[in-house]
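So, here come the structures, one by one.
Shared between the two complexes below is chain A, which pairs with chain B and chain C, respectively.
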Partner chain A sequence: MTDLLQLLFAGISQGALYGLLAIGFVAVFTVSGVINLAQGEFAALAGLVAISASASGLPLVVAVALSLLVVLAVSLTMERLTVRQVPGLTTLQSIILTLGVSTALKAVMLIGWGPDAAGLAPITAGTIEVAGVSIRSQELWILGIAVALTLLIQWFYQSTAVGQSLRACADQPIAARLVGISRSRATLLSFAIAGLVGAVVGVLASPISLSAWDSGLTLGLKAFVAATLGGLVSVRGALLGGVVLGVLESLTAGYLDSGFRDAVAFLLLILVLGIRARGGFTVAGGARV
Partner chain B sequence: MRNLRATAMTFLPAAVTALLLTSCAESTGASGQSSQAPAGDGPIRIGAVLDITGAGAALGVAERKTLEMLAEETNADGGINGREVELIVEDNQSTEAAAATAITKLINEDNVDIVIGASRTGPSLAMRPIAESAQVPMISLAANADIIDGSEWVFKTTHSDRLVLERMVEEIDARGWETIGLALDASGFGEGVEAYIQELAAPRGIEVVASEKFAPDATDFTAQMVNLRQAGADVNIIWGIPPAAALAQQAYRRLGLEAPVMHSFGIGSQVFLDTAGPSAEGVLAALPKLLVVEQLPEDDPSKEVIMEFIAQYSAAYDGEKPNNFAGIAFDAYKIATAGLEEVGTDKAALRDYIENVEGLHGVNGTFNITPQDHAGLAKEDLQLVTVEGGTWKLAEG
Partner chain C sequence: MSSATTGVTGPIDDVRSAAVTGWRARRGDAVSLLVLAAALAAFPLVASTTLLNAGVYALIYSIAAIGLSLLMGLAGQVSLGHAGFFAIGAYTQAILVTRYGTHLLLALLAAVALTLVSAFLVGLFLLRLRGHYLALATLGFGIMVFVVARESEYTGATSGIFGIPKPLINGRTYDSPAEFFWLAAPVVLIGLLLARNLVTSRLGRALSAVNDSEVAAEALGVNTFRMRLQVFVVSAGYAAVAGALFAHWLTVVSPDSANFPLSVTFLLMAVLGGLGTVWGAVIGAFAVQGLGEILRNLIPRIVPDVTGEVQLLGFGIVLAALVVFLPGGLYELWRRALRALRPRRQTSMAALSAASAAKDGGEPPVDIPTLRAAAIEEALAVDRRVSGRGPLLLARGISARFGGVVAVDDVDLTVSPGEILALIGPNGAGKTTLFNIISGVISPLSGTVTVRGRRVDGRPPHVFASAHAARTFQTPQMFASMTVLGNVMVGAHLRGHAGLLAGGLAVPAIREERALERHARRLIDLVGMTKDTDTPVQDLPFGRQRLVEITRALAAGPDLLLLDEPMAGLAGPERRALSDLLRQLRAAGLAVVLVEHDVEAVLALADRVAVLEEGSLIALDVPGRVRQDPAVIAAYLGTDDDDDEVAAALQSDAADSPQRMPGE
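Let's turn to the complex of A and B:
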């Protein structure tokens, strides 16, 4: 029983990271139809910047804030220099384009930070034990921040004028343009959201799973699967998809064979795409950002 | 018979003229010093295929730095028998396919005299058949014994994983531990490890009671460690490379496993200590001597070579300490250049020379290469090491 709880908890906290990063995929895809394969690199970059900043003597809060700003700048620059430059960008083209950006970002990180992984200091150190289950306090922060940020983003989409204009772009692009919503500005804004959640995931994950120039690859891939589980159009679905993926991975590794762990994500992806083109956690209807 | 002689008589002058012509043509381009080498002229080309980017970057970058430093040194000293060394480094991006492409390019386009690499097992295995069929000597920097098993042209300068495992199982036996739990890297690095441990353990009455796997880029090790905890073996072996090995070690301590833990030689770098932090205290590993060289007795045959290498590397790279992988590249370069100096660039002669290297003191130990053993290192070249107070310490026994 203790083992089961331990596996479940590990799956949920890992899955929350997948899910949070998945929100970045959703934010960008719903507005512009772009699948941003550099989403994982946002997380890796944030971790590395925060580690360097904190190693240079800055307090953790300042280092984290700095890393969020850097990644935000990178994501906005990326949108202006690449996505914006291609008129009528299709989803397939966007995959190729953002793959290029992802490769370039990885190369920059490899040159800038070298090949070795490093970890950021946790928000609070230490582990607690509940019913035999060992819990790192950083994992509690991850869960708390993931839920809070998801709610915040949802509130933004539903209750603010800017958020509603983003939803309008996603739902009815032509009508949105007719009432004067700029799709270009909406896309830029969606990249800002993607950059910020990516950066948050990066600094949250770094203390427990380290940051390196290539740590965005697997994380981004899993997050994409999580986003797909949520139908690629739902913020809540993305978080839920992440948690489901994390838990399934953890249970598969624990009870079936630890060698199968990474296969779970792709099996799920095939299943979801095969069975329900609209994804697991959405009901029929329009875009549900 | 007469025919043959006649052919030879007409062929010989032509061949001599041709040889003279080519050597004249080349010597104008070369340094102009008279060459002692029995064959060829112009620069000596050493090709290197390294895992500079991708999963093996932690290995390949240090190896490239070492080779570049050494080639520069050789050339500053006037080259090998007056011939300049031209080092051509290719990045295989840590993939098998790129490694195969790179060695093909080095052999066919660059006409290299010898190939060093790759950094890891998978790419090295992909290169082996190409080196064999082109009959070009190759010195791999990777661990798996399959790279050199039955090879003719392929050598390596690392301890075979089997040698390390023998050392580990002997130690387990000596300490009276009877059950082993395993957590193995699921890539080429961990391939065959479980089978070989079982082969070694069974005759000693030691039993493998759990076997877990992890991807080299895994970040969560809860499941593996929960299962090892459940199995409750006397000793657990984590066989991986940082950062995975470090994260696994953290999970090991965090989930309250109390049995002693042994690691592979993949953790032999500062980055393991940095990333594993306090959780690394007390781990055991059979590692090359580089990490604990200051603690070795003065009469250790490798001590002087290692100290000199560390000094040279630190001087060349702003005080940076070389890691194990740098040492592996150092040995490969030394063996290659010893052969090139002695027999020149005739590939068959070079191969024969390397196959008979004897008593060469390198960073990884003393090389006694034979036709049966293309690595030539002994168990005694490994040191049982532990971590104490955040640094490597010689372990007793």
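Let's turn to the complex of A and C:
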């Protein structure tokens, strides 16, 4: 029983990270129909920048803030230099384009930080023991921040004028343009959200699962699976999808074989999409954005 | 959001237009192949050692890149995990040769066979996915192969398999870079030839059509899923051959041969060369290897102490830059250069397009010659085994619903050979939806559709087509990258049988290809479009596009023809000509069902008229009685033109209703 609880909790906190990163996919996809393959690299980059800043003597808060700024700058630059430049991207083009950015970012990290993984100091160290389950305090931070940030983003979409205009762009691009909402500003904003959640995930995950130049690959793929589980258009769905994936991974690693951990996301993706394809129904579930 | 559900199609024009180019293109390709062969033969003689080493890798990788280029350019599908197949080939070869002492060529056969089987199984699941999902799923597949290779003791875990001998064939060892290069070059050339044949084959033509309009290609009998799966498997086979060669060249296979950066490298090679051509993959492979070589030397000089695959920096930037600046890759650059070198041809092209622009302005009427039914019978070349007077199309209790709206409500319809049935009704009455259900474009909520006793409802449109039925669309679904001839030849798809193998080898399929072309030309002559045979359909005025679509639908020799608003956009004389053609088709024994707004034309033409209102069949009778039916008059015949136009706008919304695409 304790084992199960332990696994569940570990899965939920890991899953919250997938879910948070998944929101980045959702934000960009709903506005521009692009799946940003560099989403995982945002997280890896944030982790590495924070580690370096922190190692150079800056306080953790400043290091984290700096990494958020750097990643935000990267995500906005990416939008301006690439996605913005090609109007009417086809699916294939968007895949190649964001894959290119993702590959270049990976290489930049490899050149700048070398091939070895490193970890950021946790926000607070130590573990807490609840009902025989030992919980790292970092995991509590992850959960708290993930939920808070998700709620914040959802509030932004639903209750602010800017957020609603983003939603309008996603739902009715032509109508949105008619009432004067700039598609281009919306895309930029969506990349800002993608950069923000990417960076937050990067610094939160680093103390537990380490950051490396190539750690964005599987992280990004899993976040995509989480976003897909949530229907790819829903912020809340993305977080829940992440938690489901995290828990399944954790249970698989705990009860079957830790080697299978990385297979879970892939199998889930095929299963979910396969079932959906067979039923022939359209994108399911959840409130849009 | 539609981009998520459509197939991955990109800046891919030329694979398709290559589909119908005949012997001149074949000769041109033969010359190119010879030039490439000569260049490859000479390369080891002139290249420095470093360059030659890079060249060997370029040659090996180019085989995988050709496969990927086929997959992306022809099948319109993307794989971000092709290194996975490369690794399966490499590991199989390595294990067989080192552990079991298998002969190298036998091992190669086994490596390719195993990879083909894996790709078939993987593709069976993955190719049901579309666009982004497929891309990410293939990426996941690549990661899985990598993880398995790294974790499994059988594959030597992280250290991999080593001690693979350099190739030894007929007592001769190919151990120097030059010898290995000469060994691999013929493999590349053969691979190129097969890929090129495939592109111009019946399969290639059908897949090009799918890239233009999947629903139209399916409705002409193209089994999209099956063909994509075939190309996926072939493409993996190419990767396997590359992998096996790689194993023998490097003499070590490690999990790195399955890693993601290698998949990206293959992708870059295909994209840089240009997805429009399989030749580009070879050029792209050499360019990418060259770039990698330069960057591996350059970056450590700028940033000391770097290790690993730093060349990815350049690869990533080039990949992104290609999409922004040169979507057609080096091949596009080459074509631009050619065009610049041939100014005379350009002006004649300009004159041509000016002429066609002038044509657009004046829309000449479509001139359908008057023909005897016997001529049509002959041109359609149908062996019409008349199965009594039994019904051809039988629809029972068809219902469909979009969201909460009932689009079609419990409709029964029977159509017999040799009759014209008109389907009329106010806009939004469910006419197009009914067509979509009958032809398998969408599944009904309930009810059954049989064509000649064969169930077709809820099955992909190609099943409908293979029951000797064809349809056209409200908005013409042209294969925009092809000529009129190409379009009609896709229509004749089901007359052919040449598959993957015959297409790849080309020679076995030549007779069939010629027969298909003859047939298509005869039909084009029949409808009076001889002059437009080699015109790209995009350049045709709207009315002629409609006619092409009908001709294309006739090309397979259907017993049942569904026409969705064939008169729309046609002028008076054209409408009369089309009516004549339809009468002749009827006389030849075809059953025609048409949705039409021109009520007068319909009443004059049809044997029976079915009237739909709000999804329900409110009348089904001979024109004379329908004309008198009070319910019909109330629902439909009283409306004036202005109402029609408002309704027409609504109708176009209805056409956007969700369509179930096969394999999605």
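Heads up, the rule we're going with is that the second predicted complex is superposed on the first by the 278 of 289 C-alpha atoms of A that agree within 3 Å, B and C clash if a C-alpha of one lies under 4 Å from a C-alpha of the other, contacts with A are read in each partner's own complex, and residues count from 1 in each chain.
Everything that follows uses one rule, which is that a residue touches a chain if its C-beta (ideal position, glycine included) is under 8 Å from a C-beta of that chain, and two chains touch if they have at least 3 such contacts.
Just so it is clear, the model here is predicted, and its values are computed rather than measured.
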Look at where chain B and chain C land on chain A after superposing the complexes, then choose clash or fit.
-> clash
Once the structures are superposed on A, label A:119 by its partner contacts, choosing first (chain B), second (chain C), both or neither.
-> first
Please indicate which partner A:110 is in contact with in the superposed arrangement: first for chain B, second for chain C, both, or neither.
-> both
State whether A:127 touches chain B only (first), chain C only (second), both chains, or neither.
-> first
Could you say whether A:259 touches chain B, chain C, both of them, or neither, answering first, second, both or neither?
-> both
Quick one: classify A:6 as touching chain B (first), chain C (second), both or neither.
-> first
Touch check for A:158: first (chain B), second (chain C), both, or neither?
-> neither
Partner chain in contact with A:33 - chain B first, chain C second, else both or neither | second
Which partner does A:93 contact after superposing on A: first (chain B), second (chain C), both, neither?
-> second
Touching A:101, do we find chain B (first), chain C (second), both, or neither?
-> second
Chosen between chain B and chain C, the partner touching more chain A residues is C
Looking at the overlay, which bit of chain B runs into chain C, 19-27, 127-135 or 379-387?
-> 127-135
For chain A, which residues belong to both interfaces, chain B and chain C?
-> 107, 110, 114-115, 213-214, 217-218, 259, 262
Contacting residues of chain A [partner chain C, same complex] = 29-30, 33, 35, 82, 85-86, 89-97, 99-108, 110-111, 114-115, 170, 213-214, 217-218, 221, 224-225, 228, 232-233, 259, 262-263, 265-266, 269-270, 273-274, 277-278, 280, 282-283
Write out the stretch or stretches of chain A touching chain B in their complex.
-> 3, 6-7, 10, 14, 107, 110, 114-119, 127, 134, 136, 205, 208-210, 212-215, 217-219, 249-254, 257-259, 261-262
Note: in the complex, chain B contacts chain A through residues 53-55, 57-58, 60-61, 183, 186, 212-215, 217-220, 222-224, 226-227, 229-230, 242-243, 246-247, 254-256, 271, 274-275
Please name which positions on chain C make contact with chain A in the complex.
-> 1-11, 72, 76, 78, 80, 125-126, 128-129, 131-133, 135-137, 139-141, 143-144, 147, 151, 260-261, 264, 267, 271, 299, 303, 305-324, 327, 443, 658, 660, 663-664
